[in-house]
Every structure is written in structure tokens, then in C-alpha cells.
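Next, two complexes with subunit A in common: one pairs it with subunit B, the other with subunit C.
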Partner chain A sequence: MADKHKPAPMVDEVSDFEVLEVAVRELAIEKGLFSAEDHRRFAEFAHSIGPLPAARLVAKSWLDPEFKKLALEDGFTASKEVGIDWLNPTGFGTPSDYCDLRVLENTPSVHHVVVCTLCSCYPRPILGHSPEWYRTPNYRRRLVRWPRQVLSEFGLQIPSDVEVRVEDSNQKCRFMVMPMRPEGTEDWSEDQLAEIVTRDCMLGVALPHPDRKADDKRPVHKAANPVHGH
Partner chain B sequence: MSRGHHAEKATGKGDPQCFRGEAPAPKFKVGDRVRIRDLPDIFYTRCQVYTRGAEGVVAVVTHESPAPEDEAWDNVDEPEWFYIVRFKQKELWPEYPDVYENDTLQTEFSERWLESA
Partner chain C sequence: MDGQEKNNGAGAVNREPEFSSVSLLEKVRRQGKVWGDLAKKYGVENPDPPWKINLDSTCEALSAEQCALPVLERRNEEDELSESLYQDVPYPERQLLALAHSMIERGLIDEDELALRMKYVSKRLNSA
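Let's look at the complex of A and B:
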């Protein structure tokens, strides 16, 4: 009888890495390397960043050839013009990120796509947290070897006369893709252009489209078995 | 407690910028043909197995930094140059379809992993 009153476990499984993270964090706090408050602040900061500054960087580059040149030559400096300083808030890099951003320019003959086969290198200061699929062994293992098949699973077919160039991000450089400006966006403002440069376009698994925005309304699916009266 | 020596070195500059000027002159330049060496990597490496022995072309000379095989053990005294190398996919994966022979893959190496090809 008593067993029935035991609380159910809150999670089914805790991975080794989660245990390691907690252990290292608690040790660091005990040794005074940083405080629990510092940790909370960094976590809150890390979760508040997203892909909008990178979209802005691409939109600006489409409109301003001088800025585009800067973005391709020196991503670190170009980031500052869209409000991202890779050194902040720690003074030596956003938590756990390096400061060498490389922008990969798509052209009519080359399409870039980014992966990190080692684990999850990602330009977080300017793109936010990586999507869950980016960190899966499935994407990491298969993209380097069967890139066109993986891209087609994302719904992206690249013509055979276009070179697909996989960038395996494995050292201190961080990569984002600068897609080509789509047709049908002539006379658009920077704000309008930034809206169609979604996260996936800057990883290279999608192309921007004038009718698709990051904040489009999602389709609503009615519940199959609705609870009556609610 | 004071911050680690890494944080002190990188503050206000960033990493890898804080290692600028510390490596000997780069041995390779953009356009050089290189082969990836198959060095031992008992403890830690960032050199993927699928590139070992493959030949490619230096696409970018990126920056100076300690090699990850050293930096993982806090040996940061001998930074070296890093290179993004471009491979033909066919060179990495023999079964890669001929119809996509132009497809490429780029990844980055510290200088110790490269030899002239």
C-alpha cells in the first residue's frame, strides 16, 4: 500500500552528460569560480538570444554591398553593426563560444550547408541555440556523407549543376550561411527582407522565400478527442 | 578566487584572437594541395577520421590557436596556424554519385595535421 504513495520519478532517465554538467557546475560554485546567481544570469542570457541579428546581417548585406564585403571578410566586426558583440557579456566570449564568425555566401553555383560532426559547434551569439536536430547523431553523421539526401528530407532539392558544399564546423570558427536574395523581393526594405531570412536558411537546409516568414501563423489542428466542455 | 589564466588572456580580445602573433609563419597558403596526416590521437582530437589520408586544397588560412590536442590539457604555449581545407566529396567517399562530382566538403585543421600533397 505504501508504495502507491511514492511520487513518480520526475524524469525517466538522466544522461551522463547531465550528471557531469551538474557536478562541474556545483564544484565551480563551491570553489567560487562563479556564483549560482552568475550561472542563472548566463543561462537566462543564453536562452534569450535568437536568430534575428543574423537575419538582419543577411538583409543588410543584400542591400549594402560595402556591408556585405565586411560581413564576408570579418564576421566579428560585422556582427557589431547588427547589435551583437561576441565578447559580451563575459568580456572574452559569449558563454562557451569562440569569436571567429565566418559567413558563407551562397551563389548561383555553390550552396553551403553547416554541420558539426563532433557535437554542436554553432554561432550561438548571433543565431541563438541550435535546433534539436542539429545536435542529433543522425544529422551529424549523415550530412557529411549524403548531403543531398538529407537536404531532400528537409524539402530542399539542389540542382545537380550546383555544388553542394558541406562545412563541417570542428574548430574555433563558427559558420552561418548567407543565402541568395530571392526573386520577388525587389524594392523591399531591410525590415521586410530580414523577416524571410529564417534560422534554417542560415544553416543551409532551406532557402528564403518571399511568402515565408519566421513568425508566420502556424496551422491549427483541432484535437481529435476534445475534452467536452472545454 | 581569481579568474583562470585563459579568461585573463582572452578578456577584451576574444578567443582565438588572443593568440594572434604567437605562431610561427604559416607553412601553407590558400590553393596549396595538402594531405591529412594520420597521427595518433589517444586522448583527444578534433581531426575527423573520415579525412585521414585524404587530399584537398587549402581554402582559408583562418587563425592562430593552440591545437585542440594540446589545449585540452591546458598546453597553450605553442599555438599554430589553422586551415580550412576543401575536399571533393568523391575523395572522401568513393561511393559518392558521379553525377554530383562537383560537391565538396570543407573542414578545419591545425597545421600539424597537414602535409604537402
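Let's look at the complex of A and C:
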């Protein structure tokens, strides 16, 4: 029982980077570049976002043909039905996200994948923060040239008879992928379906699977050919 | 901030600023302990340092209404600095260094006043 109440380990040391972050922020506030209140609201917003609204949008679309039509034609309006208002996601304006959400439907003959070659534009209000790899010049440069190769590095092999379309985000548009509903999910509820629509599925670097949820325990596979002694 | 135009290899044409090092930030780069090392030392598993959300919020706030630093310019410069001056610094420490660099280059903050403020902040954060 005692172990259960042991405090989690913490970093008990102030680094120069931490000091630099505070110093930059304080000076910016003092110079009126933004207010402390604005900063706090951005921080609160950043803590509250994640991929669940987008997963809900996909799950609803799988169950409701009318909603799917709306999502594909007008992502902005469809987003409101899952609680996201692109005009005002933070409750105080849209600093770097834009109002044109396009939902890209995967079909048996077309697979979509999303990138931002210019920087790291991402549909944050509905999908949360972008993963680190999405920001890397490596992913951004190579995906547009060799999408199948990059997708295979994510463990996703797209058959040669399926066209791969790379969608490049920009200052005006944000994209998310609507994957195909996998077999084995017949009669599932919206909640059940939303659980298997993970972030990577909506970026196009993975496919949903009825046995895989976003919060599953991470599998550990033993090496087939372990190094001697390990 | 003058520079040559170049194709970034992804079809878009960027301006390539010629960044020179900032001695204060160089010092932080050389001496600062990055989160990965601190987390390992203290047995902490958080992938990001606690200040990451504040850093992101500062970037957002700077590109908001008054727009002292547009997001696209900042991100372009972060990419360039990440492949030059700060290439050996992990993320998100390099994002922070790049932000401070861009702000100093634009005169939004001054290197000397930043150094002084860091001194005060360090004293404050390290006080018992």
C-alpha cells in the first residue's frame, strides 16, 4: 500500500531552457506583444485538445450517410456537430488555424495521406497537437516524392492497384482523412467505432482495425532473432 | 534578414535568411540541460518538459491579433535554424532557441535585456 502513495518522480532542477522560456514570455508580456490573460487562455486551450472530435466525426459518418455527405461537402459545418467551431475554437479567435476543413474519403481505390510541406499546418482544433514526426523536414520532403516508401516505414503497405494521394496542407486549408470502416465492426455503436479511429488513421499513415484502440496497452513483441545473451 | 530565395525541395519557394549566432543563445545551447537528459536523470517519463505548453502558447499568442511574429515566418526560421545553428539540439529545446533567435533578430526583444531577465528568473526559480 505504501508504494501506491509514493510520489511520482519529478525533475528537481531548473534548466537554462526553462529559464529562457520564462524570460522570453515575461518580456513579451511586458512589451505588450500579448497579454498574460491571452497566454493563459492559449495554454488552457492547448491542454484541452485531442483527436477525439475527429474520431467522432468519422464514426458518425460511418453510421449516418447524410452526415457523411455533410462531412465531405462541408467539414466546417460537420465539425460543429462534434463540438468544434472552427471560427472560434479557442473561444477567442483563430490565431493559426483556419476555417476550411476538408475531409478526404478513402475508398477501395484511393488512399489519402496528409502533409504540410511548407511548415506544419495541422487541423488542431479537431485533431489535437501534431506528432513530432509530422513536423520533420524529412517526412515533409519525402512523403510528396515517395509516399508508398514513407507509408511502409509506418508499417502501412498500400497495394499497387490503390492510388495514393498526398494532400498538402496550406495557410487556408486543413485536411483530415476519413478512413474506410473496417470489416468486423458491423452493429458497432458510434462510441465503439470512435475508439478505433486513431490519430494516425486520420492522417493516413495507418488504417483502423477492430482490435486496435488509441488507448490500448502497447504490444511488446520479442525479437525473432535476438542478439546472443539478450 | 536579407537572403537568397531557394526552393525548399517540396515545391515552395522560401527566403533563406543568413542567421548569425547570438552569444546568449549559444551559451544556453552549450550549457543548457535538455529535457531528455533531465528526465533520465530523475526517472521521469514525460516525453515533453513542463514548459513546452507555455512555449507553444507564446508562439500562438505572438501570431494572434497583433501578430508580432507570423506563424509561417517563425516556422520557416525554426526549420532553417534547426538545420544550421541548432542542429545538435533536440526538440523542443531547438524550437525555444529558434523562437528567441527570431525575436532577437526582429528587435522584439533585446539580447542584453533577455540575459538580464534570465538572471532574475533563474534566481527566482532557484530560490528556496
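One rule holds in what follows: the second predicted complex is superposed on the first by the 176 of 230 C-alpha atoms of A that agree within 3 Å, B and C clash if a C-alpha of one lies under 4 Å from a C-alpha of the other, contacts with A are read in each partner's own complex, and residues count from 1 in each chain.
The rule is simple: a contact is a pair of C-beta atoms (placed from the backbone, for glycine too) under 8 Å apart; a residue touches a chain by one contact, two chains touch by 3 or more.
Model, not experiment: these values are computed from the prediction.
Visitor: State whether A:163 touches subunit B only (first), subunit C only (second), both chains, or neither.
Guide: first
Visitor: Figure out whether A:99 sits in contact with subunit B (first) or subunit C (second), or with both, or with neither.
Guide: In the superposition, A:99 contacts subunit B only.
Visitor: Of the two partner chains, subunit B (first) and subunit C (second), which one does A:17 touch, if any: first, second, both, or neither?
Guide: second
Visitor: A:144 contacts which: subunit B (first), subunit C (second), both, neither?
Guide: In the superposed model, A:144 contacts both subunit B and subunit C.
Visitor: Taking the superposition as given, does A:63 touch the first partner, subunit B, the second, subunit C, both, or neither?
Guide: Neither partner.
Visitor: Quick one: is A:31 in contact with subunit B, with subunit C, with both, or with neither? Answer first, second, both or neither.
Guide: both
Visitor: Subunit B or subunit C: which reaches more residues on subunit A?
Guide: The partner making contact with more of subunit A's residues is C.
Visitor: Please indicate which partner A:118 is in contact with in the superposed arrangement: first for subunit B, second for subunit C, both, or neither.
Guide: both
Visitor: List the residues of subunit A that touch subunit B in one complex and subunit C in the other.
Guide: 31, 33, 93, 117-118, 144, 168, 171
Visitor: Residue numbers of subunit C touching subunit A in their complex, please.
Guide: Touch list, subunit C to subunit A: 8-12, 25, 27-28, 31-35, 38-39, 41-44, 49-51, 53-58, 60-66, 68, 71-72, 75-76, 79, 82-83, 91, 93, 96-97, 99-100, 103, 108-109, 113-114, 117-118, 120-122, 125-126.
Visitor: Spell out the residues on subunit A that touch subunit C in their complex, using ranges where they run on.
Guide: Residue list for subunit A touching subunit C: 8-28, 31, 33-34, 38-40, 42-43, 46-47, 93, 95-96, 117-120, 129, 132, 135, 137, 140-141, 144, 168, 171.
Visitor: Report the residues of subunit A in contact with subunit B in the complex, numbered from low to high.
Guide: Going through subunit A, the ones touching subunit B are 31-33, 76, 86-87, 90-93, 98-100, 102, 117-118, 144-145, 147-148, 160-173.
Visitor: Under the definition above, what is the set of subunit B residues touching subunit A in their complex?
Guide: Touch residues, subunit B against subunit A: 1, 3-4, 6-7, 10-18, 46, 48, 50, 60, 62-63, 65, 68, 82, 84, 86, 89, 92-93, 96, 99-100, 102-110.
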